[in-house]
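In the two complexes that follow, chain A is the common piece, with chain B as its partner first and chain C second.
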Partner chain A sequence: MSDRKEEFRTGVGSLMKITLAPWIWAFHFVICYGATAVWCARLTEGGDTDTLQIALIAVTVVALACIAACGIVGKRVWTRGGFGEDGEIPGIDDEESRTRFLGHATVLLSIVSAIGVVFVILPVLMIGTCR
Partner chain B sequence: MSNDPFPPFTGTHRPRPEGPFPPTEEMLSEPVNPEEQAAREARLREAWKEPTGIAYWTAVNNDKVGAWYSLTALFFMLCAGVLALLMRIQLAVPGNDFLDADRYNQFFTMHGSAMMFLFAVPMFEAISILVLPAFLGARDMPFPRLSAYGYWCFLIGGIFVLGSVLFDVAPRGGWFMYPPLTTRDQGIGSDIWLLGLSFIEVASIAAAVELIVGVLKCRPPGMRVNLMPLYAWYVLVVGGMILFAFPPLIAGDFLFEMERSFDWPFFDPTRGGDPMLWQHLFWIFGHPEVYIIFLPSIAIAAMVIPTVAQRPIVGYSWIVLSAVGVGFLSFGLWVHHMFTTGLPNISLGFFSAASEAVVIPTGIQIFVFAATLMVGKVQKSLPMLWIAGALAIFVLGGLTGVMLAIAPFNWAVHDTYFIVAHLHYTLFGGMIFPVMAGVYYFYPFFRKGKMMSVTLGRWAFWLIFIGFNAAFLPMHYTGLMGMPRRVFTYGAGMDWGWLNMLSTVASFVIAAGFAVFVWDLIRPKRDMEGRQRNPWNAGTLEWSHDVPEENWGVRCIPFITSRYPLWQQPKLIERMDSGRFYLPDTEFGHRETLVTSVLDARPLHIQRVTGPAWITILAAAFTGGAFIFPTFHWYPPAIVCGAFAIVCVLYWLWTTTAQIPDAPTGDVGLGLRLPRYAAGPDAPGWWAVWITMLGDATAFASLVFGFFFYWTASTDFPPAGAPGADGALTAATAVLLALSWGATRVARGIHRHDRIRAAQGLMAAAVLLTALGGTTLVLAVIDLQPTTHVYPALVCALVVWLAAHLFLGGVGQAYCLARSLAGRMTPLYDADLCNVTLMWHFIALQALVTCAVIGLLPGWMA
Partner chain C sequence: MRVRSRLPFALLPGLPGCTGRQSVLDTAGTDAHTLLTMFWVMLAGLVVIWVAVNGMMLVFRHLSPRRHDEALARKMIVGGGIMLPTVVISALLAWGLSVMPDQRAPGDGLRVEVIGEQWWWRVHYWPEGAEAPVVSANEGRLPGGLRTEFDLHSDKVIHSFWVPALGGKMDMFPGRRTMMSLHPDEAGVFRGQCAEFCGASHALMAFETVTMPPEDFAAWLEHEAGPAVPPEGEVAERGAVVFAEQGCGACHAVRGTAAQGQVGPDLTHVGSRHSLGAGILEPTVENFAAWIDHTGDLKPEVEMPAYDDLPGDDLTALATFLMGLK
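Our next item is the complex of A and B:
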């Protein structure tokens, strides 16, 4: 039974890990959108966004840090075993190559997610009002 | 079961895969005795025999269902195209009276709805059902009857929705059905749209389940995730997107239909409702939907381009990045359809930013394609012609998309023909052209060696390509000159006349191109019998197909060690043909395929797949009745149909799913013995439940989102002093349903440890607790008057939603009890109980959230 559980865990778990950075983007997006909606509809008088700005910048810093962590872990997995240093062409049908592939995908998705997070915070920095 | 081979701890000592894996080169090159080979082929042929005569329609094989599915979608597309031509005639000259305003409204609504719901999404499902098993070297989809059920639902729903146009009762509020226009609309048009399309959405979710499980669990041994055909990656991403995109629309449809049928005021501002909630729910679906259409079509390009370039794709991981990245980012775009609704500018900014960000992964895949073509030796072919057209048109549509993502520009051209031009460029470039490329490319696969005509193909391409650009390029200008979309006519003084005439003439050129294409598709090709098996010299597994046709899907399931096995594994075809790989035989005459592990595709067990049946058609017909009768407010026949649909599905499950196998393990060849049964996370059925319930939870989350939406959008939600759900009864519901969940969970555990009687007692108790919990739930809100205000209406809607789930959950618990009493479920063979327990995890979560939202939240919000 226990190695069945392991199969379940290593299977989808590892596959889902490559989507960790996009999920962080998604949470960041929802927090920005939700916080702005609640702030502008319920919490502010006169439409100023100072407190909101500070809070969302903090959220963005945390999100970017988490995405960077994903990217660094992904980079380690991708380049594990010295790939890319000795110029040797790696195999494709073994467990290491599969792991490296997942690492590479993680790195690429982290980059796109980081760009996405930066894009989303720009309106908060540029538009200083609810209206 | 007295002959159970693993007493005394039956449930915990399960058979495991035994034997060597991966196979060695010597094992693979061992010859098979020709007599034995012929006997095996005869047995397989018998098991996969196609029903004949009228029973032909009971077939569930992916190639049959996929072919019907795609031809039906093509037919609906042609119908919607005819509506477009009729509209273009009306718009050809100013002040035309070819169509009156009402009919014009019906036509543009049906054109959009049919193209989206009856063509684009079903076409993706159809093509996937048709080709995915072949890409994966699988015998069939994991749940063939589910595909068939989905198809029949689609056919019935499609005819119902599209047929309404013939009776002058078609929906007429635009394909996004904005309230209050549509909630106050007289007649049944809006109901036809809501119920008919909800019904088809169910088929889409069924397809998503099928495709995700197919990609994750039914790959050939050795095909690790980094070796999957790119199409499989796209299908996986799109399946996931469907699970998060379609349910909000189903939740929206549910609220909408409650308002239409029972006057619950969800979108009526005079009673606290808000039409904006519909817009949010619709576009949370509607924008990802565009990518749900686009990704699988571009996936076809990802299959065609390596073949055309005669080399592997450049940057496999980059395509995966692109598919996954687009899948996520596309959910952050929905408000760009709502830029003019008065949301705070800062909120618009978020969606503008995400709309620009999605360009990055979308662009990457186009560069990957370009790179592959540049470094390969490109062979001119029809599929490549269509792909080239697709890229040209899609890039233009993408560029106007970048413009439209900028809010101020969007305000200027909102609801003008600029939008019409933009969306047709994205959809023709992103969907029609790649799919056409796919038809030309895969035709020799579908028709076993026959090819479509190169001359006719070129004619069709240039007619459609030139016609398309001549029709839609001017529309950008028409829109910038101020012509609003959805007007049935315009005055001569507007100077739009010549532009519209140009678009009209060109639209008939497009139609001529489609006529050539359809003729080429259906014309008899008898002289082409027995042509090449792999005419494009492609590298992926589908081209190992049998010519002439065999019904078994693949002769045997190959061992894969490369991305392009036909190029990179030289002896593969020969070995497949002689049945030297896995599952070359069927021991007991059943239809079977292999289930493998998620990451590395290690063989796990033999999955028995279902064969032809009338019950799926019957189930679809009754499901159709349950959705169609309410359109006419005929509730008693709808309820009867719903009940019969449930009976049909139960019969189908009882007789064919999770059957106790003839032997606990089976020989699959190459020295490997695999279990014939799986329960829990190993079993495809468990995954299907997981995926379905995830989609269901998304719909539920959309309803809960409604609660928060009204709270932020309105100053008096919940209204001060308004009566809510009864606190004590709500608490009792929570306790009873938690107990019911607990009883089910414990029953599963002790059942595996052979305490069958105690488990049966717990299952019976669980059914009872569910019934009691359902009763207290209804009593908790019985005094509310949902027509008076949106707050009691939303509370009641959540209760209706949960009550329906409790009914199904109770049926599931009773089903397990019955299976156990009938000896069809034993401690070793307990997939039913595992699946129902999994379903109950989700139901219990929804129950507790519902009780908290209706019982506790109003106090906090006030």
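Our next item is the complex of A and C:
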């Protein structure tokens, strides 16, 4: 009984962790769109975006760094104890395999989030005008 | 089987539909050329990917259906299923974004304000430095070889402004301004069409776009800015009287006369337009008469009353008068 509880708690912790990278992506998205809207509607004359671009590049670098950190943590969980070196298939339905799976999912979600962040910043960089 | 193998030939007569004055495949402007290039590149890429995917399916399922190396399979999934799409989509996105500013590049002086109405277009020309616009309707005229800015908005509902042969489309919103610019490089008459469903007569909300050499355009604009020419001949003069008697001037303006209404299209030079009723009819005396006589049959829910109790003579006179407004 107490064993099960322990397992459950680990699960919820990692479950929260795997959503971290997508959350960063979501924040980055909101910041980019919000900042661009306010900048273009209120803060600039003639549609130039230089300052906005520099600020959002900084935000993007921070976001990508945080996502990379999530990915590295996930990778550690995934490969803890030397995964797959002797071609061993991890167990099914035990705590270790579950934790590994969550680590694996964290890595994949970090990759998707990183791509998402790049796709969000691309228009700001390439269009370069409010028009 | 027989029917099936003949199907592609049955589609052949449709091919000429790809050319003509309202086709993205038959371009006459810089922006449209760019979009067409993108279309062909994407179509070619699509064909390659389709052949590759189906080819692999054929090879692995039918030509060599044995057990394959797992490492190779993994590489193909990660490489072909994850990395390749990411790279291809990123490249397409970057390319698409890089041409977007060009489609909204500042113009060379002329600005055309177009306001979407149900179901026609107010067109105001603002030459460089103008304080008041040259008011027209239901037709766009553009100088060739120059970039013209379009300042778009709408009266009540969302419309979309699109001349496929010249460039991309842009939505028009009530209470908000959007802009685009076009750079025609060929003289001609091209069809534009409202491209956002806007009510009963959405499909009947079109317009002609005439691209012309800059000198010709300047001369045309000067004439368009002037008042209407006086009616010539007895029938046309009678038409002008009917126009006044029937109160058409409450909705329509004919500059230089008492008619100053702003509800409907400006008719000052309606006889010189390439179409009647926002792109739906040839401008002939018969069609002008038909339009006035049973407007609602030609355009469902149109916001102009039908004058179906006018005697035939008066109709003809009105139509002749309007045709004469060159």
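Points to keep in mind about this one:
Here, the second predicted complex is superposed on the first by the 118 of 131 C-alpha atoms of A that agree within 3 Å, B and C clash if a C-alpha of one lies under 4 Å from a C-alpha of the other, contacts with A are read in each partner's own complex, and residues count from 1 in each chain.
We take it that contacts are C-beta pairs under 8 Å (C-beta built on N, C-alpha and C of every residue); 3 or more make two chains touch, one makes a residue touch a chain.
No experiment lies behind these values; they were computed from the predicted model shown.
Contact with both chain B and chain C is seen for A:Thr129 once the two complexes are overlaid on the shared chain. Contact comparison for chain A: of chain B and chain C, B touches the greater number of residues. Once the two complexes are laid over each other on the shared chain, residue contacts for A:Phe101 go to chain B alone; chain C is not touched.
By the touch criterion stated above, A:Val120 is placed in contact with chain B alone, chain C being left untouched.
Contacts of A:Phe27 after superposition on the shared chain: neither chain B nor chain C is touched. Under the contact criterion defined above, the residues of chain A that touch both chain B in one complex and chain C in the other are 115, 119, 122-123, 126-127, 129, 131. Considering their complex, residues 1, 4-5, 7-8, 10-12, 14-15, 18-19, 22-23, 25-26, 29, 32-33, 36-38, 40-42, 49, 92-93, 95, 97-98, 101-102, 104-105, 108-109, 112-113, 115-116, 119-120, 122-124, 126-127, 129-131 of chain A touch chain B. Taken together, the chain B residues at the contact with chain A in this complex read 12, 14, 216, 222, 224-227, 316-318, 320-321, 324-325, 327-329, 331-332, 344-350, 352-354, 356-357, 360-361, 561-563, 597-600, 604, 680-682, 712-713.
Against chain C, in their complex, chain A makes its touches with residues 115, 118-119, 122-123, 126-129, 131. For chain C in complex with chain A, the residues that touch the partner chain are 86, 90, 93-94, 97-98, 100-101, 104, 106, 179.
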